[in-house]
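Below are two complexes that have subunit A in common, paired first with subunit B and then with subunit C.
Now for the complex of A and B:
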């Protein structure tokens, strides 16, 4: 320390030794505060970012969690053998059986408009649910069964406490009479809240209580499959060619710049391209996951190429030299050594690219994947929605039930994204540098 | 020999057994400051007026040199003088470097390896290479050795392949050390073992010539001694060219030495002569440690 002091003192000619020491002290103090300030800025930025994320997730959970429970109404349905043809059970008048059971609970209500208000407590699709159940289990005919029906949106909202019954009746969507009937049903033990499996097993519907995400999930799945099948091999082929075979000249530089720029093109532009080329020019079906997947593949391709090239570049040249040294051809080097070693990196990039594609909305809107479709798609050519476009549709629907369902759908989408990114991170960890 | 003879026929060149070509006393024009060798030795490779460029930059200037058959030839010289460049041009590894061009000729058994009809892949099978840093494939020890024979179809059955692997590992003295863990990754071996594995991998495709670029520079003295011993053993069957900046090593293992300086071949000849009575001042300066 003393020799350092001396050398510093010597290095400040003209200044008195004490002066120099004071200056040095000041400088070091200033450096320390600057360091501290810099650290604090970083910390503040992180706190802010995490805070925003937490706000987002918490608000989504707060609005979305009611959608994960569904209120059910249990009714005793009589299925008289005389009125159902066992040979053609689907032709019977199930609306009547259902209404008989429902109105039977409130014998005092006689007027048709009042009765229709009772019917509004249960989903409008109840009679079809009943029909489908009986068709599936014909042995039910001729007996009376206790069957649970999905409650309507208003009853559901009331039961889970989303509607405040203390509000004046003109400011809530459920009438006083309906609340009274609800109380009676509760008193009879006919109301029960269950986990909302329909959210995951049903397709879209006009009625929020029976609208689900399954159609959108299968639509997204098909679109991602098409996207993967197109972009993965093409991306790898392009990356291998550019890294291993392409001469380094102006043309390959140009291609490289263009690929990097392609990754930054706004996604709606790809949607317009898909609309103009795939739909209008090639006449492919609207709203089909095939076209959605093709458009998403255009967007994912640059991501995969860039990730693939980085992964291939990371394979040490010594491995290539070793293979060339025993007489492997360029193609053998790529297939036997470079690609297998780069594959974890390529797959990680691919998963991240697919996760991006999964969340992409704009291009799918342009090719019509935001249609109202109440059936899950049976294949890549059938009209379908995707998760983000389903969220878009629901967010646009006025019914109360869709508000929470929108948040629930966002949570499901986020869940898939977190899962995919988690797999990518895990793969990166698992296969980190083996040489 | 068959491959190159085939190539030769296609080129319309008649060649005899490699023993027919002899090192003739070098003409001063082609071999500046060369110590002519007294005894005649069959030669395996010949470079004539070889110049190599990296883009605009010339790394080798008109190098002409004969490499004797089934002997060890060492290339020495200060680093950056073009030893590796020259070595890599002997099995066309420089082809893989973008912007690397060359002029001149390299003849192996009388065939110019830069001729258009020569199959580079087959050439590299015939001229194996061992690199400065041990570079086993990130595969099992077995697969490291078996890879070459597999891609060249040298074994028709699993038994034959096993046989090749065992022989090559035995020749490099590795078999006893690794016989129980043939299926563990080659990268799990020690540095010296890895380098011997790389040598085993090189000889597994039965080359004629093995080029070694500072094979011991990453090894400790004991592993180095082991590899040197191995080179002496291999020399009976293979022509070996070794780049080293360790002059004791060159003196210990090689019969011939070539000294490079700033991209030119300054002097080459019998190792003893180079080390005891060099003709050129630069050689003298280098071996006495004045620079390097």
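Now for the complex of A and C:
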């Protein structure tokens, strides 16, 4: 470029050579700054996109990490043998034992409304938890035990600092009296924050402090299994046919166009299809992972077919020729030689397709997988939620504790996606063959 | 006798059929070249196993799919007159679901004795159906196995037949894509036609008022419902426009930098990051919009003295734009990379700077590919659901102002269908009409986009 400039300088047109040269220099400088500016625009675009990704991840972690700890309240529960029938331990009045222990800590509080406010510091399901524990371990009857109970959402928020106690009391969800009781509990060493295992072991609940993801994770697992079982063999069969056997004619062109179009159809349209055909016409059960998996399979199929065709195409023709040369039939070539060699590529594509299916929400909403279900599903025909629909339910819930739970659920979902994509990348690196 | 037992028994029978066929294969003795067993024994086994399994599988699936409907209609037929008389199909489906929950043992209050009787009959019919399926499958499997086995003779060409059947299966699998498309079109058309029987097409397409309520009780005032979809279409347009204004410059500039300026190492590092952005589920973006972007925008608006609604089109559109950016950048990157180097060299030889080369040579050359990518992105923006469901409004609002809340086609589909499965009121059916419009729009855009990219590709290959 510089030699070009110099040659222009020698032979450039214009009135005065010096003047022209100065003009050229100016123009050249201007053009170079324009080039630099353009380059910076490009860099800024990438930095902005990466910055948005960082903002997204950071804001999710910031709001989500409190949900991984849970505040517990330790109470000394007296279980008098006179009031629990050892033959039928589940019939006793555990609410009373629990309340006796709790109110016993604050003998100065007498009025029932105030006492109810004390009870609001511990999760509403505490007495059932106590009952289940005693039923499981009947030897506890007749003694006094120190048992840790899940704190309620407001106390949890206060303990982890999500509620600012300096705020005027009408602007926070916990009253001054409750804060005083909390301070007393802390002074007695009864409050402790632990890792929130309930988040991973429990199903959904109306109370954020005991709501967990296990039901949604099993629901997603079942739906993905159905999706895999349906779409993987079908996708491979279609890819093998289209790549190895299909004649080039209008019919196969139509199939190809169809596959490409299906890959671009909005996911919600698949939901409408599932609702109208699977639920309404065939009468399959609503909210079932089976139906969710079937809809997801239809959506994943194009991805698997396209990945499968690419992988099969990458197998060199010499391998096919060699197999044909020793007398294999066309199908034997495909099943014994081409497909095994293409398998790593197909599996990589399948995992990526399944990861997409795992994050898919809209079609699952339409077939009712956003129901409120407090038990984990026992099979593919039982009502269930999935991870993304659980996120949607929690995001819609007004309780404050669900904000951080939603972020935590998203982090769990992203964790699964990173894992699946990581496996796909690893497989590509490990098994990729260059011919 | 449940379906699982039937499946297991069927699998067992298939395995048995395989061994039967295999043992029936012609023996390859010393003279086998002359007596010519055509294929290896496995093919004989596979032949019999396929004959055993395929008809049963088809029957099994058809039975499972159709049995509930048949049983329901049988049950409704046996219901006493006073229950069924003068009931619309939705009331009947309510009765049916009552019977189902009674049969499942969930009774609320004191059920009608006629209904509990029907529930008992329902349980009985279901058991009979399962039993009948088991018996039919068993006998069909045995019959077909024996039939197939009797075919096998000395010169039987088992491999040819097996391969013919597998080819048939392969073809069937590859047509699933077509069947899906047909299923989408037919179900959307069918439900929409029912909707258009209640609401005229022109009112739906050109009406300015969208209030999809239906009267809950007879003679209710001011709730007849209005199904003019223009505000919904306009809302979709506004959100998509915001998204495209964000994502086209961002994506295009990112692609230009990546393909023309960036060093290999930078490319290697930045490309996966953009791909991560594309792989994040849309519900995550939706929550991000609600959690971070929308409050931030409202705050910014308040500082500037502009009122920005918390569920404004601009917040949803902005986040959607971020989501689409990697999509546009990767397609534009492909288009730019596909431009032959001779064009770059030619421009450089004329003394053009890189920016001039890109703007005046590469972009025009890559334009068809970029346009195709942008169109695909537009169709994505129109069909995107979760971001707008979470971050945009629900009430229809006929405005072009992106600072106000608007609603979109996808939001309406979701809100109309969530929690409501009765299929004979215009409110539910309207969702299918909207779905039909959405499908036609995205399909049209996709076809045009694919056409453009395909034409372009032919140019340089």
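Everything that follows uses one rule, which is that the second predicted complex is superposed on the first by the 390 of 435 C-alpha atoms of A that agree within 3 Å, B and C clash if a C-alpha of one lies under 4 Å from a C-alpha of the other, contacts with A are read in each partner's own complex, and residues count from 1 in each chain.
Simple rule for what comes next: a residue touches a chain if its C-beta (ideal position, glycine included) is under 8 Å from a C-beta of that chain, and two chains touch if they have at least 3 such contacts.
Source: prediction; values computed, not measured.
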With subunit A superposed, do subunit B and subunit C clash or fit?
fit
Does the superposition put A:295 against subunit B (first), subunit C (second), both, or neither?
neither
Considering only the touch criterion stated at the top, classify A:342 as touching first (subunit B), second (subunit C), both, or neither.
neither
Looking at the overlay, does A:248 come into contact with subunit B only (first), subunit C only (second), both, or neither?
first
Examine A:261 and indicate which partner it touches, taking first as subunit B and second as subunit C; both and neither are also allowed.
second
Name the contact category of A:240: first (subunit B only), second (subunit C only), both, or neither.
second
Mind telling me which of the two, subunit B or subunit C, contacts the most residues of subunit A?
C
Under the stated touch criterion, which partner chain does A:323 make contact with: subunit B (first), subunit C (second), both, or neither?
first
Using the superposition on chain A described above, determine whether A:35 touches subunit B (first), subunit C (second), both, or neither.
second
Contacts of A:386 with subunit B and subunit C, given as first, second, both or neither
neither
On the overlay, how many Å separate the closest CA atoms of subunit B and subunit C?
7
Which parts of subunit A are in contact with subunit B and also with subunit C?
329
Sites on subunit C touched by subunit A in the complex
65-66, 68-69, 72, 159, 163, 166-167, 169-171, 173-178, 180-181, 183-184, 187-188, 190-191, 249-254, 256-258, 260-261, 270, 273-274, 276-277, 279-288, 290-292, 322, 325-326, 329, 351, 353-356, 358-359, 376, 379-380, 382-386, 389-390, 410, 413-414, 417-419, 421, 423, 431-432, 435, 438-439, 442-443, 446-447, 450
Touch list for subunit A against partner subunit B, complex
247-248, 316, 318-329, 332, 336-337, 341, 434-435
Sites on subunit B touched by subunit A in the complex:
91, 93, 96, 98-99, 121-125, 128-131, 133, 135-138, 147-148, 151-152, 185, 187, 198, 201-202, 204-205
Complex contact set, residues of subunit A against subunit C:
1, 4, 31-32, 34-35, 37-39, 41-46, 48-50, 52-53, 55-56, 59-60, 63, 233-235, 237-238, 240-242, 245-246, 254-255, 257-262, 264-270, 272-273, 275-277, 279-283, 286, 298, 301-302, 305, 329-331, 355-356, 358-362, 365-366, 368, 370, 388, 391-392, 395, 403, 406-407, 410, 413-414, 417, 421
